[in-house]
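As written, the chains take the letters A, B, C and D, and residue 1 is the first residue of each chain.
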Amino acid sequence: MAYFPIPTGSLLALGAILFCIGLYGALTKRNLIIVLVSVELMLNAANINLVVFSRLGLNPGLNGQVFALFTITVAAAEIAVGLALLLAVFRLRKTSDVNDLNENKN
Amino acid sequence: MVAYAWLVPLLPLAAYVFLLVLGRRAPEGVAAGVSVVCSLASFLVSAAVFRAAASQGPVGPYLFHWLTLGSASISFGFEVTRLNALMILVVSLVSTLVLLYSAGYMHGDERFPVFYQYLNLFVFSMLALVLSPNLLQLYIFWEMVGLCSYLLVGFWYFKPEAALAAKKSFIVTRIGDTGLLIGIVLLYWASGSFDYSTVFAAAGAGQWSLGWVSGQELTTLCALLVFLGAVGKSAQFPLHVWLPDAMEGPTPVSALIHAATMVAAGVYLVARCYPLFQASPGALATVAWIGAITALLAALIALTQRDIKRVIAYSTVSQLGYMMLALGVGAYAYGVFHLMTHAFFKALLFLAAGSVIHAVDTQDLFEMGGLYRKLPLTAWTFLAGALALAGVVPFAGFWSKDDILAAALNTGHPVLWGMLLLAAFCTAFYIFRVYFLVFTGAPRQPERWQHAHEGSWVMTLPLLVLAAMATIAGFFNSPLNGDGLEHFLFADSPQHQIGYTAPENVPLMLLSLLVALLGIGLAAAVYWRPRQSQRPERWARAWGPFYTLSYRKFYLDEVYYAALVYTGKGIAAVVDWIDRYVIDALVRVVGRLVYSVSVLLKFSQTGQVQAYSTVAALGVLVLVAWAMLRAGGVH
Amino acid sequence: MSVSDWLNQPYIATMGPLLTVSAAALIIMVLEFTCRKLDRRWLIGLALAGVAVALAEALVHFYHDPAMALNTVVTDAFANVFSVLILISALLVLLFALDYAGQVRLAGEHTYLILFAVAGALAMASAVDLITLYVGLELLSLSSYVLVALRSRSAASAEGGVKYLLMGSIGSAVLLYGMSFLYGVTGTTSLIQLGAGGLATYTSYPQIATLAFVLMLAGMGFKLSLVPFHMWTPDAYEGAPAPISAFLATLSKAAAFGMLLRMLLFIFNAAASDVFFWAGVLAAVTMVVGNLIALPQRNMKRLLAFSSVAQAGYVLLPFALFQTGAFQDWISLFDSLSFYLYAYTFMTVGAFAVVWVVSRARNTLLDEALVGLYQQSPWLALALTVFLLGLAGVPLTGGFVGKVYLFSDAVHLHAAWLGVLLFVCSVASFFYYFGWVRKVFQPLTGPLAGQRIHVGPSMNLLLAVCVAGTLLLGMVPALLLRPLAHTLWLS
Amino acid sequence: MGLALWMVLVPVLAAFVCVLVPARQACVQRGLALAGSVITLLLALLAWLRFPGAVQAGGGANPAAAGVPLVSHLPWFTLPGLWQQQDVTVGLSFGLDGLSLTLAGLTALLALLAAAAVRPEEAEMRRFALWSQLAAAGAIAAFTALDVLTFFAGLELSLFAGFFLIDLSGDPQRRAAAVKYLLYRGLASVLLLLALFGIAYGVAGGYSSLQPDANGNLPGAPAFTLAWPALQHNLHGLSTAVFPDHARAVLFWVLLLGILVEEAFVPFHTWLPTAHEHTSAPVSMLLGGVLTKTGAYALLRFGAGLLPDQLQHFATWVAVLGTINILYGAFAAWAQRDWRRLIAFGSISHMGLVLLATAAGNAAGLQGAMFMMVSSGLLTAFLFFLAGAVQARTQTAELGRLGGLSRPLPLLSGFWLVAALGALGLPLTSGFVSEIQSFIGSFHRFPAISFVAALGLILSAVYLLYAIQQTTFGPLRPEYASLADAQARELWPAVVLTAVVLWVGVYPNGLGQVLGQTVQQLLQMGG
């Protein structure tokens, strides 16, 4: 069956863009949840790379996709921990704004 | 006997150590007694040594190993030559008398034992200096006598003038000593040894060099450096300024150190190093000229001083100038001869002045007067000294000074001779000015005059002995005993005679005698029975500028102060300023800078996690970009 | 791969410690759930036992030949050296926690989370597959995020946790992104194969290789808190429970260094060595900034945090030398690096422990609390002095030998400027370390003067071990250097 | 025989015991410090006695201690695969040749006297005992180390011990002074370490442009070693192909820079007067007498010992530096109004002469430099001791506010006079022997420079006599009329110091024979 080949470069570019978006979000968003989501974007950028390479890489193989699966799982755990911490913070500080987390400094 | 010459310095040293152990609590009798006995003993030993030396000529050096320098080895010890045999004789004699005299003069001083410690240390150092077989050892004791002089000048340390004078004397002589040290070092490298014999052998040959200077220049350079030391120690122009100030010390000190012995060490040095000087006409000429200038300058200054001790001090400077000139024009024997006679009559003058000061408790000539009736013995002995100094036949000074004058003329230095003659006239004048002001006329301050009285026998006995010496010492080298001293000195020198000697020249003798009498007459006219027209004040007014010039010591102190002390302090201040406000400030600035940077970094920790991650992200970005550039960009 | 193959893998040799620790963790977790009444300290004791067993296993296998299971986990020089280090620091941290739990109410998760983290760390030390390494790293990281935030009812703690979490996950994203490129150009995640093809990879795709390297370095940099990825460090340490601060400063750093070393050296070996230039840059920046920023620091925990940043810079120095040194010279680099890490671990845990005791007694974190410590408890004071002198690199402490070793490597491998920078920085660090010592020995007046500071038994043990470690490594460095010399690094 | 090793260990042990003894027993602490120093001193004397025999016997066959008479070796650690996959062994190996023995003995002596100079009522006795013993141990280790790493270890030890000493007692500004001291000398020791390592690697061919042969080692390059006697031995006639000249030159300047900072030479000296001004007298004794001699030691041991060709090549620079120090120190001292700063600058001026004499590089110069180190150590300590004793009575060290002290304090004034005269180089004191030898040496090589430097002789008289005039001479200030003079218990350090100063001054050969051994070796190295 025929499929429309998408050049590897553009896929990598997609990954890169996704990574940058994620980074941007992580650096700028006030709300802790959004920040966490943005971090997930960064991880997914990596996943896209892995998958792309596992299919269109120099010497393709399944490792990449396996790696991606692991990553997704880890990311889920990460989010879980993140939310837990968010709850803890919210309980003590009554806020989910990252900028208010500035007690420990200097 | 000569082998025991080491006893000569060691006896006073023993006395010093003994007193040092006893400490400040030692009773006056013990302190004085021990010292006098010891130095008397060392006088007797030196007499024996002198006789032995006279018979068997130079002995030694007796050496022990002192220090190894690489392959070279430096030894210490002592040697006896005819010259230093004579020196130890004179030194130990005068020392004995002065030590005796001090027992009376310093009686009741709270630091009496300390005074005797210092004196003994000095006597030891002086004798050891004279007996040294090499230049390094000489330099060591050269500094030691300087130290003793410093301590004794500053003996009454609580008087600011005394403290200043002590400092000044040490530092001014130190300038000369540094020259001497350099000279010794250069001689060492040039000749490979410190020993006189080796050095002079090399100097005589003249075939030596240091790479950067050689032959004649080297000889002259070394001779001049050595002479610089002598200039400092013997208070020759231009380094004479310390000696008059040194009169702040107790008078016996002035008599012993600053008249008879230490200041003569410079002359001794030049005499001991005579072969070196002979090898360099330039150096000899310098010595002669410096001597003459000093003699005249000091004599002129002495004319107007009001302080009895200062007058005598300047006369000392002037007489030392005579000796230097004698050596400079080549009259080795006469220089030494004058050194000897001068030692006696100048010590005498100081001790006599001391007993005057002791009696009236002032040093200002114009507060004395008429003391003949109170202190007849002092007056007579002083007169003997004065006549000797003025050079009136038959007193000691006449023979020696006359020899020098003759030598100056006969060796073809008419100018120097003229200067000396003028100096001789001044000498006669100023010393009799002192005599008349002190002993004749009416007491200017009756209450002082009332209390005046002779000292005890310990003070008068030395006066008598020295007066006797001042009277007869001249005959040692007079035609009457066939110029015995010359023969003694030259008995065993290779060419049988060092430098110039001449038979007495009667017209010259008469001339110098006449000059002396003129001076005395003038002094008498002005200060003894002055007619209205000739009172001292009128003279002073008449000679206005010259009077002030002489009274102000030709402003040399002021000039030096401005030239050396101010500049030195200025440099010091600048250096200190640089140290504080440039170097250290720079350091502090750097420190502050670093610290403030770190404070800045500290406050960059705002607590804003997104700020943190931004920094981190930028870090990644920079790293990636730089890496890509370095790796040649992405294709 | 047949079943027999599956069974005949050297699991015990390669994963013994890992399995032991995980088992202990699970048991403790279960116990913690089932019997709530149980005193935490029993759990910690159990954990200690587990780690001790693991350590024993690791030591047993220390001199054995390398072995590999499932092409994924190995036991070799790196694995041994770093596993032992990780387990030792785990013991120290648990001892610390034991004392801590005696004083402060501590959430029960604490214990087994530490163990899970240790398991992750062990995986990082012994895995030879990018996936496993990554998973190990995440296991360590996730547990540490929670641990940092685990001080009950403490906003500072939670805040520290969040900050660490955010920075940490950004870091792992960067790392992962780098890994993905590496995988892209090689098509494998096994370090063995990567190493085999390393040369080809690098020569054919220098840019991508460099990009991957830089990204991976940066990603690990977040964990190692290298400048400029370090800024979370003081905040997290400040908020975290004291034992956890020590844990972050030593255990997780050791693991991260192990992982970094293994990855970079397997993949970018000698042929590609000039990529290590970037390690040099980071090392230099980290040393300088870490020390500078510590100078004016008054808060003891934060100061230790910055000092650990600076020390990380020192440890990173050998990475820079991989560039200049020939392949054979790397042995001494591994030695110097691991020696310094060992010494550093003892000194740092000890310092954190003393600081905690003192700050608790005086209940302030400011270094004024140290004034007069010598009067109140000479033992604590001297212990702290030893640790600080060690960190400053004074002779007769492990720090000195370690720094000298690093320095001589630097001079030898023509990067003298790094060596000089190392010592110049430690001179600057004298300023704050000795400042503390000075305070410790200052006489104390006023009400506090008479007061003594009580030190619990486990804390005493901990301090004794740390002091012994610091001094022994300084006086008889052979204790560690000889085993290191016998490890076959390049097998 | 482990004499050298024990000389290092004994103070360390003493310090250790100090830690164990409770702080309130000040007298015990003081006793420990005294005991430690006494034992060390006795060991030094024992070594002194055995020295001639040991020289006869010649150094051990061990190349790492070639030409060092008394050696004691203890393996410390081995750095695996450090050099061409060869392990490099670092030994706690100490050896006593002439210079090391002398300086170690000096250290022990001054540590003893410093401990004696502490007022028994000193509150910080324990810390003083602890740190002073450690400082002494460090200094002795540095002076006797046969291994550049051990030397560095000794430096560091004395460095931080000195820091805590300065910080111990004195006026409030001592904090800043201590930090200044720490940073300066810390950097100095780093520079020294760098230079020494560089030399070690250079000797082993580290900077050679030659091609290594099949099994990776250079033709003609000796094995890598960190022991200076071995380095000295290997360097002798080592071809410049193995160790290029430019590398030597660079290393020499690094070394020299380190020495300049370490020894507080102008312009890196400002930490020294500051430290002396703000710390207490016993500390000043140690600091000025011993701790600041490590730089000069490095100059002789490593400058003249390992890079003689470079030292000769740059001799004129070094000589000029020395002269600058002599004059700068002297003038600065003259301008000081604080007694202790004056002494400090005086010591800077003295050490300048060490530079000048070492640069001359001949027997007289080297021996003079060594004598000057000893003499300056003794006299600086002596002067600080007296300044401290007087200050303890008058509560000020400001020259302008003293005067006439000879009357209430005759003994102290007497010793102060002796010390000052020694410092201005009066014959029959150690000062003279040092100066004369140094100048004999320097005039041979640098006549012109030495003429300028000789000004220092005059200037030293100027500032020291100025100090005397300001303190003991002159009219007595009423407020000091009732001061109590020192008792024997307080004075015996002064007596001992006087004795030593005079011994060196009157019979220098006693010391000269011992130092001569090192001088001969250095000369062979140079020739």
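Throughout what follows, a residue touches a chain if its C-beta (ideal position, glycine included) is under 8 Å from a C-beta of that chain, and two chains touch if they have at least 3 such contacts.
Computed from a predicted structure; not experimentally measured.
The chain occupying the central position, as judged from C-alpha centroids, is D. Taking A-B and B-D together, the pair of chains sharing more C-beta contacts is B-D. Computed centre separation for the pair subunit A/subunit B is 97 angstrom, with centres defined by C-alpha atoms.
In this assembly, the C-alpha centroid of subunit B lies 38 Å from the C-alpha centroid of subunit D.
Centroids built from CA atoms put subunit C at 26 Å from subunit A. With centres set at the average Cα position, the gap from subunit B to subunit C is 78 Å.
In subunit C, the residues touching two or more other chains are 162-163, 166, 170, 174, 234-235, 428. Shown for subunit D are the residues in touch with two or more other chains, namely 183. Among the residues of subunit B, those in touch with two or more other chains are 602, 605, 607, 609, 613, 617.
All chain pairs that count as touching, in label order, are A-B, A-C, B-C, B-D, C-D.
Contacts from subunit C toward subunit A in the complex involve residues 130-131, 134-135, 138, 142, 145-146, 149, 153-156, 158-163, 165-166, 169-170, 172-174, 176-177, 179-181, 183-189, 234-236, 238-239, 302.
Within the complex formed with subunit C, the residues of subunit A that make contact are 15, 19, 22-23, 26, 32, 35-36, 39, 42-43, 45-47, 49-50, 52-54, 57-61, 63-64, 66-67, 70-71, 74, 77-78, 81-82, 84-86, 88-89, 92-93, 98, 101, 103-106.
Partner subunit C is touched in their complex by these residues of subunit D: 19, 23, 75-83, 85, 87-88, 123-124, 127, 149, 152-154, 156-157, 160, 163-164, 167, 179, 182-183, 186-187, 190, 193-194, 197-198, 201, 206. Remark: subunit C residues 328-329, 331-332, 335-336, 374-375, 378, 382, 389, 392-396, 400-401, 404-405, 407-409, 411-412, 416, 419-420, 423-424, 427-428, 430-431, 434, 437-438, 441, 443, 476-478, 481-482, 484-485 touch subunit D in the complex. Those residues of subunit D lying in contact with subunit B across their complex are 180, 183, 266-267, 270, 274, 328, 331-332, 334-336, 362-364, 367, 404, 406-407, 410, 421, 426-428, 432-433, 436-437, 439-440, 443-444, 447-448, 450-451, 454-455, 457-459, 461-462, 465-466, 468-469, 472-476, 507-509, 512-513, 516, 519, 523.
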